[in-house]
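Sending over a structure as C-alpha coordinates; questions will come in a sec.
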(Lines give C-alpha, C1' and ligand atoms only; values in the text may rest on other atoms or scores of the structure.)
Protein backbone atom coordinates (compact mmCIF):
# COMPACT_ATOMS: atom_id res chain seq x y z
CA UNK A 1 0.00 0.00 0.00
CA UNK A 2 1.34 3.40 -0.99
CA UNK A 3 1.38 6.66 0.96
CA UNK A 4 0.14 9.90 -0.60
CA UNK A 5 -1.02 13.38 0.33
CA UNK A 6 -4.47 14.38 -0.90
CA UNK A 7 -4.25 17.37 -3.23
CA UNK A 8 -7.79 18.03 -4.42
CA UNK A 9 -10.93 16.60 -5.87
CA UNK A 10 -10.80 15.76 -9.57
CA UNK A 11 -13.29 17.35 -11.91
CA UNK A 12 -14.04 14.94 -14.71
CA UNK A 13 -17.32 15.41 -16.52
CA UNK A 14 -16.75 12.81 -19.18
CA UNK A 15 -15.86 9.41 -17.81
CA UNK A 16 -16.65 5.75 -18.33
CA UNK A 17 -19.91 4.44 -16.86
CA UNK A 18 -18.01 1.94 -14.73
CA UNK A 19 -16.81 4.63 -12.32
CA UNK A 20 -20.40 5.32 -11.33
CA UNK A 21 -20.53 8.32 -9.03
CA UNK A 22 -17.38 7.43 -7.11
CA UNK A 23 -15.56 10.46 -5.67
CA UNK A 24 -12.19 10.99 -7.36
CA UNK A 25 -9.15 12.52 -5.66
CA UNK A 26 -5.83 13.73 -7.02
CA UNK A 27 -3.06 12.42 -4.76
CA UNK A 28 0.62 13.27 -4.82
CA UNK A 29 3.92 12.06 -3.49
CA UNK A 30 6.55 14.32 -1.98
CA UNK A 31 8.40 14.19 -5.29
CA UNK A 32 5.34 15.63 -7.01
CA UNK A 33 4.06 12.67 -8.96
CA UNK A 34 0.27 12.73 -9.17
CA UNK A 35 -2.21 9.87 -9.42
CA UNK A 36 -6.00 9.56 -9.25
CA UNK A 37 -7.83 7.41 -6.68
CA UNK A 38 -11.40 6.72 -5.70
CA UNK A 39 -12.25 7.82 -2.17
CA UNK A 40 -14.76 5.97 0.03
CA UNK A 41 -13.57 7.59 3.27
CA UNK A 42 -13.91 11.30 2.56
CA UNK A 43 -10.28 12.45 2.77
CA UNK A 44 -9.75 16.20 2.78
CA UNK A 45 -7.00 18.03 0.88
CA UNK A 46 -3.77 18.10 2.85
CA UNK A 47 -4.32 14.86 4.74
CA UNK A 48 -2.02 11.87 4.32
CA UNK A 49 -3.58 8.62 3.21
CA UNK A 50 -2.56 5.16 2.10
CA UNK A 51 -4.09 3.38 -0.85
CA UNK A 52 -4.82 -0.14 -1.97
CA UNK A 53 -4.30 -1.14 -5.61
CA UNK A 54 -5.23 -3.91 -8.01
CA UNK A 55 -8.40 -5.94 -7.69
CA UNK A 56 -8.52 -5.14 -3.96
CA UNK A 57 -9.16 -1.51 -4.93
CA UNK A 58 -12.55 -2.47 -6.31
CA UNK A 59 -13.55 -4.32 -3.15
CA UNK A 60 -12.20 -1.45 -1.02
CA UNK A 61 -14.46 0.97 -2.85
CA UNK A 62 -17.37 -0.98 -1.39
CA UNK A 63 -18.71 -2.02 -4.77
CA UNK A 64 -16.75 -4.45 -6.92
CA UNK A 65 -18.42 -3.04 -10.03
CA UNK A 66 -16.62 0.29 -9.69
CA UNK A 67 -13.73 0.16 -12.17
CA UNK A 68 -10.94 1.65 -10.12
CA UNK A 69 -7.38 0.38 -9.66
CA UNK A 70 -6.52 2.65 -6.70
CA UNK A 71 -8.68 3.35 -3.65
CA UNK A 72 -7.97 5.31 -0.48
CA UNK A 73 -7.94 2.74 2.35
CA UNK A 74 -7.25 4.93 5.37
CA UNK A 75 -6.25 8.33 6.71
CA UNK A 76 -2.93 8.32 8.56
CA UNK A 77 -3.15 9.95 11.97
CA UNK A 78 0.36 11.31 12.48
CA UNK A 79 2.09 11.92 9.18
CA UNK A 80 4.65 13.11 8.08
CA UNK A 81 7.17 11.57 10.41
CA UNK A 82 9.62 13.76 12.17
CA UNK A 83 12.84 13.94 10.19
CA UNK A 84 11.41 12.57 7.01
CA UNK A 85 8.97 13.28 4.24
CA UNK A 86 6.96 11.02 2.04
CA UNK A 87 10.00 9.55 0.37
CA UNK B 1 -5.14 5.58 -11.85
CA UNK B 2 -2.46 7.43 -13.78
CA UNK B 3 -2.61 10.80 -15.52
CA UNK B 4 -1.44 11.22 -19.12
CA UNK B 5 -1.71 13.57 -22.08
CA UNK B 6 -3.02 12.06 -25.31
CA UNK B 7 -0.43 12.32 -28.06
CA UNK B 8 -1.95 10.60 -31.07
CA UNK B 9 -3.69 7.56 -32.42
CA UNK B 10 -1.52 4.50 -32.87
CA UNK B 11 -1.27 2.91 -36.28
CA UNK B 12 -0.82 -0.81 -35.86
CA UNK B 13 -1.81 -2.98 -38.79
CA UNK B 14 -0.57 -6.24 -37.35
CA UNK B 15 -1.93 -7.02 -33.93
CA UNK B 16 -3.35 -9.88 -31.93
CA UNK B 17 -6.98 -10.81 -32.54
CA UNK B 18 -7.79 -10.13 -28.88
CA UNK B 19 -7.63 -6.36 -29.33
CA UNK B 20 -10.56 -6.53 -31.75
CA UNK B 21 -11.13 -3.13 -33.29
CA UNK B 22 -10.43 -1.18 -30.11
CA UNK B 23 -9.07 2.32 -30.73
CA UNK B 24 -5.46 2.67 -29.57
CA UNK B 25 -3.91 5.89 -28.30
CA UNK B 26 -0.31 6.84 -27.54
CA UNK B 27 -0.23 8.64 -24.19
CA UNK B 28 2.68 10.44 -22.58
CA UNK B 29 3.75 11.82 -19.26
CA UNK B 30 5.37 15.21 -18.81
CA UNK B 31 8.73 13.45 -18.58
CA UNK B 32 8.15 12.02 -22.04
CA UNK B 33 7.50 8.37 -21.29
CA UNK B 34 5.01 6.91 -23.75
CA UNK B 35 2.50 4.10 -23.27
CA UNK B 36 -0.37 2.68 -25.31
CA UNK B 37 -3.99 2.54 -24.09
CA UNK B 38 -7.34 1.52 -25.47
CA UNK B 39 -9.81 4.39 -25.70
CA UNK B 40 -13.57 3.93 -25.22
CA UNK B 41 -14.28 7.63 -24.66
CA UNK B 42 -12.84 9.25 -27.80
CA UNK B 43 -10.07 11.42 -26.33
CA UNK B 44 -8.47 13.88 -28.74
CA UNK B 45 -4.74 14.64 -28.96
CA UNK B 46 -3.71 17.23 -26.41
CA UNK B 47 -6.33 16.41 -23.81
CA UNK B 48 -5.44 15.12 -20.36
CA UNK B 49 -6.88 11.80 -19.29
CA UNK B 50 -6.58 9.28 -16.51
CA UNK B 51 -6.35 5.57 -17.06
CA UNK B 52 -7.30 2.37 -15.30
CA UNK B 53 -4.96 -0.63 -15.38
CA UNK B 54 -5.00 -4.35 -14.69
CA UNK B 55 -8.09 -6.49 -15.08
CA UNK B 56 -10.27 -3.40 -14.56
CA UNK B 57 -8.94 -2.12 -17.89
CA UNK B 58 -10.76 -4.89 -19.70
CA UNK B 59 -14.06 -4.11 -18.00
CA UNK B 60 -13.51 -0.39 -18.60
CA UNK B 61 -13.16 -1.02 -22.31
CA UNK B 62 -16.77 -2.21 -22.23
CA UNK B 63 -15.91 -5.73 -23.34
CA UNK B 64 -13.96 -8.03 -21.04
CA UNK B 65 -12.70 -9.99 -24.07
CA UNK B 66 -10.57 -7.06 -25.27
CA UNK B 67 -7.02 -7.86 -24.17
CA UNK B 68 -5.87 -4.50 -22.90
CA UNK B 69 -4.06 -3.68 -19.64
CA UNK B 70 -4.61 0.10 -19.84
CA UNK B 71 -7.83 1.92 -20.73
CA UNK B 72 -8.70 5.61 -20.74
CA UNK B 73 -11.30 6.06 -17.98
CA UNK B 74 -12.02 9.78 -18.20
CA UNK B 75 -11.07 13.14 -19.64
CA UNK B 76 -9.91 15.65 -17.04
CA UNK B 77 -11.69 18.99 -17.29
CA UNK B 78 -9.12 21.44 -15.97
CA UNK B 79 -5.61 20.04 -16.38
CA UNK B 80 -2.73 20.96 -16.04
CA UNK B 81 -2.95 22.59 -12.65
CA UNK B 82 -1.61 26.06 -12.21
CA UNK B 83 1.98 25.93 -11.08
CA UNK B 84 2.52 22.31 -11.87
CA UNK B 85 2.81 19.86 -14.71
CA UNK B 86 2.06 16.21 -14.96
CA UNK B 87 4.75 15.24 -12.51
CA UNK C 1 8.87 -10.29 -3.54
CA UNK C 2 10.43 -7.11 -2.29
CA UNK C 3 12.82 -6.55 0.61
CA UNK C 4 12.15 -3.85 3.22
CA UNK C 5 13.15 -2.81 6.73
CA UNK C 6 10.31 -2.41 9.23
CA UNK C 7 10.13 1.15 10.49
CA UNK C 8 7.14 1.26 12.83
CA UNK C 9 3.52 0.44 13.35
CA UNK C 10 1.05 2.66 11.51
CA UNK C 11 -1.56 4.53 13.48
CA UNK C 12 -4.68 4.85 11.39
CA UNK C 13 -7.93 5.41 13.24
CA UNK C 14 -10.09 5.95 10.21
CA UNK C 15 -9.86 3.18 7.67
CA UNK C 16 -12.04 1.07 5.39
CA UNK C 17 -13.88 -1.81 6.99
CA UNK C 18 -12.14 -4.28 4.67
CA UNK C 19 -8.87 -4.03 6.54
CA UNK C 20 -10.53 -5.50 9.62
CA UNK C 21 -8.13 -5.39 12.55
CA UNK C 22 -5.06 -6.31 10.52
CA UNK C 23 -1.82 -4.93 11.95
CA UNK C 24 -0.28 -2.29 9.68
CA UNK C 25 3.45 -1.60 9.37
CA UNK C 26 5.38 1.20 7.72
CA UNK C 27 8.24 -0.33 5.73
CA UNK C 28 11.10 1.41 4.00
CA UNK C 29 13.81 0.77 1.46
CA UNK C 30 17.40 1.90 1.85
CA UNK C 31 16.63 4.83 -0.43
CA UNK C 32 13.93 5.95 1.99
CA UNK C 33 10.77 5.16 0.09
CA UNK C 34 8.01 4.15 2.49
CA UNK C 35 5.08 1.79 1.94
CA UNK C 36 2.41 0.25 4.16
CA UNK C 37 1.92 -3.52 4.59
CA UNK C 38 -0.24 -5.83 6.66
CA UNK C 39 1.72 -7.99 9.07
CA UNK C 40 0.63 -11.53 10.01
CA UNK C 41 4.03 -12.53 11.41
CA UNK C 42 4.69 -9.88 14.06
CA UNK C 43 7.79 -8.15 12.67
CA UNK C 44 9.52 -5.70 15.00
CA UNK C 45 10.94 -2.33 13.97
CA UNK C 46 14.45 -2.67 12.60
CA UNK C 47 14.06 -6.18 11.21
CA UNK C 48 14.34 -6.94 7.51
CA UNK C 49 11.40 -8.61 5.84
CA UNK C 50 10.20 -9.56 2.40
CA UNK C 51 6.69 -8.98 1.17
CA UNK C 52 4.22 -10.53 -1.22
CA UNK C 53 1.99 -8.32 -3.38
CA UNK C 54 -1.13 -8.56 -5.49
CA UNK C 55 -3.90 -11.04 -4.83
CA UNK C 56 -1.39 -13.32 -3.04
CA UNK C 57 -1.15 -10.63 -0.35
CA UNK C 58 -4.72 -11.32 0.69
CA UNK C 59 -4.14 -15.06 0.98
CA UNK C 60 -0.85 -14.43 2.81
CA UNK C 61 -2.69 -12.37 5.40
CA UNK C 62 -4.56 -15.56 6.30
CA UNK C 63 -7.95 -14.17 5.36
CA UNK C 64 -8.76 -13.43 1.73
CA UNK C 65 -11.34 -10.87 2.82
CA UNK C 66 -8.66 -8.52 4.16
CA UNK C 67 -8.21 -5.85 1.49
CA UNK C 68 -4.45 -5.52 1.41
CA UNK C 69 -2.12 -5.46 -1.60
CA UNK C 70 1.13 -5.96 0.37
CA UNK C 71 1.73 -8.47 3.18
CA UNK C 72 4.87 -9.36 5.11
CA UNK C 73 5.70 -12.95 4.13
CA UNK C 74 8.81 -13.60 6.21
CA UNK C 75 11.55 -12.20 8.38
CA UNK C 76 15.04 -12.46 6.88
CA UNK C 77 17.57 -14.02 9.23
CA UNK C 78 20.83 -12.45 8.12
CA UNK C 79 20.22 -9.12 6.44
CA UNK C 80 21.79 -6.80 5.33
CA UNK C 81 24.45 -8.58 3.39
CA UNK C 82 28.05 -7.74 3.94
CA UNK C 83 29.15 -5.17 1.40
CA UNK C 84 25.71 -4.13 0.34
CA UNK C 85 22.55 -2.48 1.54
CA UNK C 86 18.97 -2.87 0.53
CA UNK C 87 19.56 -1.55 -2.96
CA UNK D 1 0.60 -1.26 -22.68
CA UNK D 2 4.30 -0.56 -22.99
CA UNK D 3 6.39 0.18 -26.08
CA UNK D 4 9.62 -1.70 -26.76
CA UNK D 5 12.08 -2.48 -29.55
CA UNK D 6 12.70 -6.17 -30.27
CA UNK D 7 16.35 -7.04 -29.71
CA UNK D 8 16.61 -10.76 -30.32
CA UNK D 9 15.24 -14.20 -29.61
CA UNK D 10 16.04 -15.60 -26.18
CA UNK D 11 17.86 -18.89 -25.93
CA UNK D 12 16.68 -20.68 -22.82
CA UNK D 13 17.13 -24.43 -22.80
CA UNK D 14 16.04 -24.95 -19.23
CA UNK D 15 12.67 -23.47 -18.43
CA UNK D 16 9.48 -24.30 -16.60
CA UNK D 17 7.01 -26.57 -18.36
CA UNK D 18 4.36 -23.86 -18.21
CA UNK D 19 5.99 -21.84 -20.97
CA UNK D 20 5.39 -24.69 -23.42
CA UNK D 21 7.08 -23.93 -26.71
CA UNK D 22 6.20 -20.24 -26.70
CA UNK D 23 8.69 -18.08 -28.59
CA UNK D 24 10.61 -15.75 -26.27
CA UNK D 25 11.95 -12.34 -27.25
CA UNK D 26 14.31 -9.95 -25.50
CA UNK D 27 12.84 -6.44 -25.71
CA UNK D 28 14.47 -3.18 -24.73
CA UNK D 29 13.58 0.40 -24.05
CA UNK D 30 15.55 3.36 -25.38
CA UNK D 31 17.18 3.65 -21.96
CA UNK D 32 18.49 0.10 -22.36
CA UNK D 33 16.37 -1.81 -19.87
CA UNK D 34 15.69 -5.32 -21.10
CA UNK D 35 12.70 -7.57 -20.46
CA UNK D 36 11.50 -10.91 -21.82
CA UNK D 37 8.15 -11.40 -23.55
CA UNK D 38 6.32 -14.21 -25.33
CA UNK D 39 5.67 -13.51 -29.00
CA UNK D 40 2.57 -14.79 -30.81
CA UNK D 41 2.94 -12.39 -33.76
CA UNK D 42 6.44 -13.13 -35.04
CA UNK D 43 8.17 -9.79 -34.46
CA UNK D 44 11.63 -9.43 -36.02
CA UNK D 45 14.62 -7.81 -34.33
CA UNK D 46 14.60 -4.05 -34.77
CA UNK D 47 10.84 -3.63 -35.00
CA UNK D 48 8.87 -1.65 -32.43
CA UNK D 49 6.11 -3.42 -30.58
CA UNK D 50 3.73 -2.86 -27.71
CA UNK D 51 3.03 -5.42 -25.05
CA UNK D 52 0.20 -6.45 -22.77
CA UNK D 53 0.92 -7.49 -19.18
CA UNK D 54 -0.76 -9.28 -16.29
CA UNK D 55 -3.39 -11.96 -16.76
CA UNK D 56 -4.24 -10.48 -20.18
CA UNK D 57 -0.78 -11.61 -21.32
CA UNK D 58 -1.82 -15.21 -21.00
CA UNK D 59 -4.96 -14.70 -23.06
CA UNK D 60 -2.99 -12.68 -25.61
CA UNK D 61 -0.59 -15.58 -26.08
CA UNK D 62 -3.58 -17.52 -27.42
CA UNK D 63 -3.40 -20.15 -24.69
CA UNK D 64 -4.23 -19.20 -21.11
CA UNK D 65 -2.08 -22.08 -19.84
CA UNK D 66 1.13 -20.40 -21.02
CA UNK D 67 2.66 -18.85 -17.91
CA UNK D 68 3.76 -15.50 -19.26
CA UNK D 69 3.25 -12.05 -17.73
CA UNK D 70 4.22 -10.08 -20.87
CA UNK D 71 3.12 -10.76 -24.44
CA UNK D 72 3.72 -8.84 -27.65
CA UNK D 73 0.30 -7.54 -28.72
CA UNK D 74 1.15 -5.71 -31.93
CA UNK D 75 3.83 -4.35 -34.24
CA UNK D 76 3.81 -0.56 -34.54
CA UNK D 77 3.80 0.65 -38.15
CA UNK D 78 5.58 4.00 -37.93
CA UNK D 79 7.83 4.11 -34.90
CA UNK D 80 9.91 5.94 -33.68
CA UNK D 81 8.16 9.26 -33.94
CA UNK D 82 9.95 12.16 -35.47
CA UNK D 83 11.63 14.21 -32.79
CA UNK D 84 11.38 11.63 -30.08
CA UNK D 85 12.60 8.24 -29.06
CA UNK D 86 11.08 5.55 -26.96
CA UNK D 87 11.08 7.63 -23.84
CA UNK E 1 9.22 -11.08 -17.56
CA UNK E 2 12.24 -9.56 -15.89
CA UNK E 3 15.91 -10.55 -16.10
CA UNK E 4 18.02 -11.03 -12.96
CA UNK E 5 21.24 -12.63 -11.76
CA UNK E 6 20.92 -15.13 -8.91
CA UNK E 7 22.84 -13.96 -5.88
CA UNK E 8 22.21 -16.56 -3.18
CA UNK E 9 19.69 -18.62 -1.31
CA UNK E 10 17.60 -16.74 1.25
CA UNK E 11 17.66 -17.89 4.84
CA UNK E 12 14.28 -17.19 6.38
CA UNK E 13 13.34 -19.27 9.39
CA UNK E 14 10.15 -17.43 10.19
CA UNK E 15 7.77 -17.17 7.31
CA UNK E 16 4.10 -17.51 6.48
CA UNK E 17 2.73 -21.03 6.09
CA UNK E 18 1.66 -20.24 2.54
CA UNK E 19 5.20 -20.39 1.21
CA UNK E 20 5.40 -24.07 2.17
CA UNK E 21 8.91 -25.34 1.63
CA UNK E 22 9.49 -23.43 -1.57
CA UNK E 23 13.15 -22.59 -2.21
CA UNK E 24 13.78 -18.84 -1.99
CA UNK E 25 16.48 -16.98 -3.96
CA UNK E 26 17.82 -13.46 -3.70
CA UNK E 27 18.07 -12.01 -7.21
CA UNK E 28 19.64 -8.77 -8.29
CA UNK E 29 19.76 -6.43 -11.24
CA UNK E 30 22.95 -4.89 -12.61
CA UNK E 31 22.06 -1.70 -10.74
CA UNK E 32 22.06 -3.66 -7.48
CA UNK E 33 18.37 -3.78 -6.63
CA UNK E 34 17.53 -7.03 -4.87
CA UNK E 35 14.29 -9.00 -4.86
CA UNK E 36 13.20 -12.42 -3.59
CA UNK E 37 11.78 -15.16 -5.82
CA UNK E 38 10.69 -18.76 -5.47
CA UNK E 39 12.78 -21.18 -7.50
CA UNK E 40 11.32 -24.36 -9.04
CA UNK E 41 14.22 -24.87 -11.48
CA UNK E 42 17.25 -24.98 -9.18
CA UNK E 43 19.20 -21.92 -10.35
CA UNK E 44 22.72 -21.57 -8.97
CA UNK E 45 24.29 -18.33 -7.80
CA UNK E 46 25.79 -16.39 -10.68
CA UNK E 47 23.43 -17.63 -13.36
CA UNK E 48 21.07 -15.30 -15.21
CA UNK E 49 17.38 -16.05 -15.06
CA UNK E 50 14.08 -14.52 -16.04
CA UNK E 51 11.08 -14.43 -13.78
CA UNK E 52 7.32 -14.44 -14.08
CA UNK E 53 5.21 -12.24 -11.76
CA UNK E 54 1.63 -11.88 -10.62
CA UNK E 55 -0.80 -14.76 -10.42
CA UNK E 56 1.24 -16.61 -13.07
CA UNK E 57 4.04 -16.87 -10.48
CA UNK E 58 1.92 -19.20 -8.41
CA UNK E 59 1.17 -21.49 -11.35
CA UNK E 60 4.83 -21.37 -12.40
CA UNK E 61 5.87 -22.61 -8.99
CA UNK E 62 3.96 -25.79 -9.79
CA UNK E 63 1.51 -25.37 -6.93
CA UNK E 64 -1.03 -22.55 -7.02
CA UNK E 65 -1.26 -22.62 -3.22
CA UNK E 66 2.29 -21.31 -2.83
CA UNK E 67 1.92 -17.60 -2.05
CA UNK E 68 4.64 -16.13 -4.23
CA UNK E 69 4.44 -13.15 -6.58
CA UNK E 70 7.75 -13.84 -8.38
CA UNK E 71 9.01 -17.19 -9.67
CA UNK E 72 12.08 -18.11 -11.68
CA UNK E 73 10.78 -19.30 -15.06
CA UNK E 74 14.01 -20.18 -16.86
CA UNK E 75 17.78 -20.02 -16.92
CA UNK E 76 19.20 -17.95 -19.77
CA UNK E 77 21.87 -19.77 -21.78
CA UNK E 78 24.06 -16.95 -23.03
CA UNK E 79 23.76 -13.94 -20.81
CA UNK E 80 25.07 -11.24 -20.47
CA UNK E 81 25.09 -9.99 -24.01
CA UNK E 82 28.27 -8.66 -25.48
CA UNK E 83 28.40 -4.93 -25.10
CA UNK E 84 25.69 -4.66 -22.54
CA UNK E 85 24.77 -5.60 -19.03
CA UNK E 86 21.48 -6.30 -17.39
CA UNK E 87 20.18 -2.79 -17.93
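Think of it as A, B, C, D and E in the order they're written, each chain with its own count starting at 1.
Please note the rule applied: contacts are C-beta pairs under 8 Å (C-beta built on N, C-alpha and C of every residue); 3 or more make two chains touch, one makes a residue touch a chain.
Every value quoted in this text rests on a predicted model; they were computed, and no experiment measured them.
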* Could you tell me which chains are in contact with chain A and with chain C alike? => none
* Go ahead and note the Å separation of the Cα centroids belonging to chain C and chain D. => 32
* To do: Could you give the separation in Å between the centres of chain D and chain E, each centre being the mean of its C-alpha atoms?
  => 20
* Name the residues of chain E that each touch 2 or more other chains. => 54-55, 57
* In which sequence are the chains arranged about the ring, given a start at chain A and a first step to chain C? -> A, C, E, D, B
* Of chain D, residues touching chain B in the complex -> 1-3, 40-41, 50, 52-57, 59-60, 62, 71, 73-78, 84, 86-87
* Would you pull the chain E residues touching chain C in the complex into a rising list? => 10-16, 18-19, 24, 32-37, 54-55, 57-58, 67-70
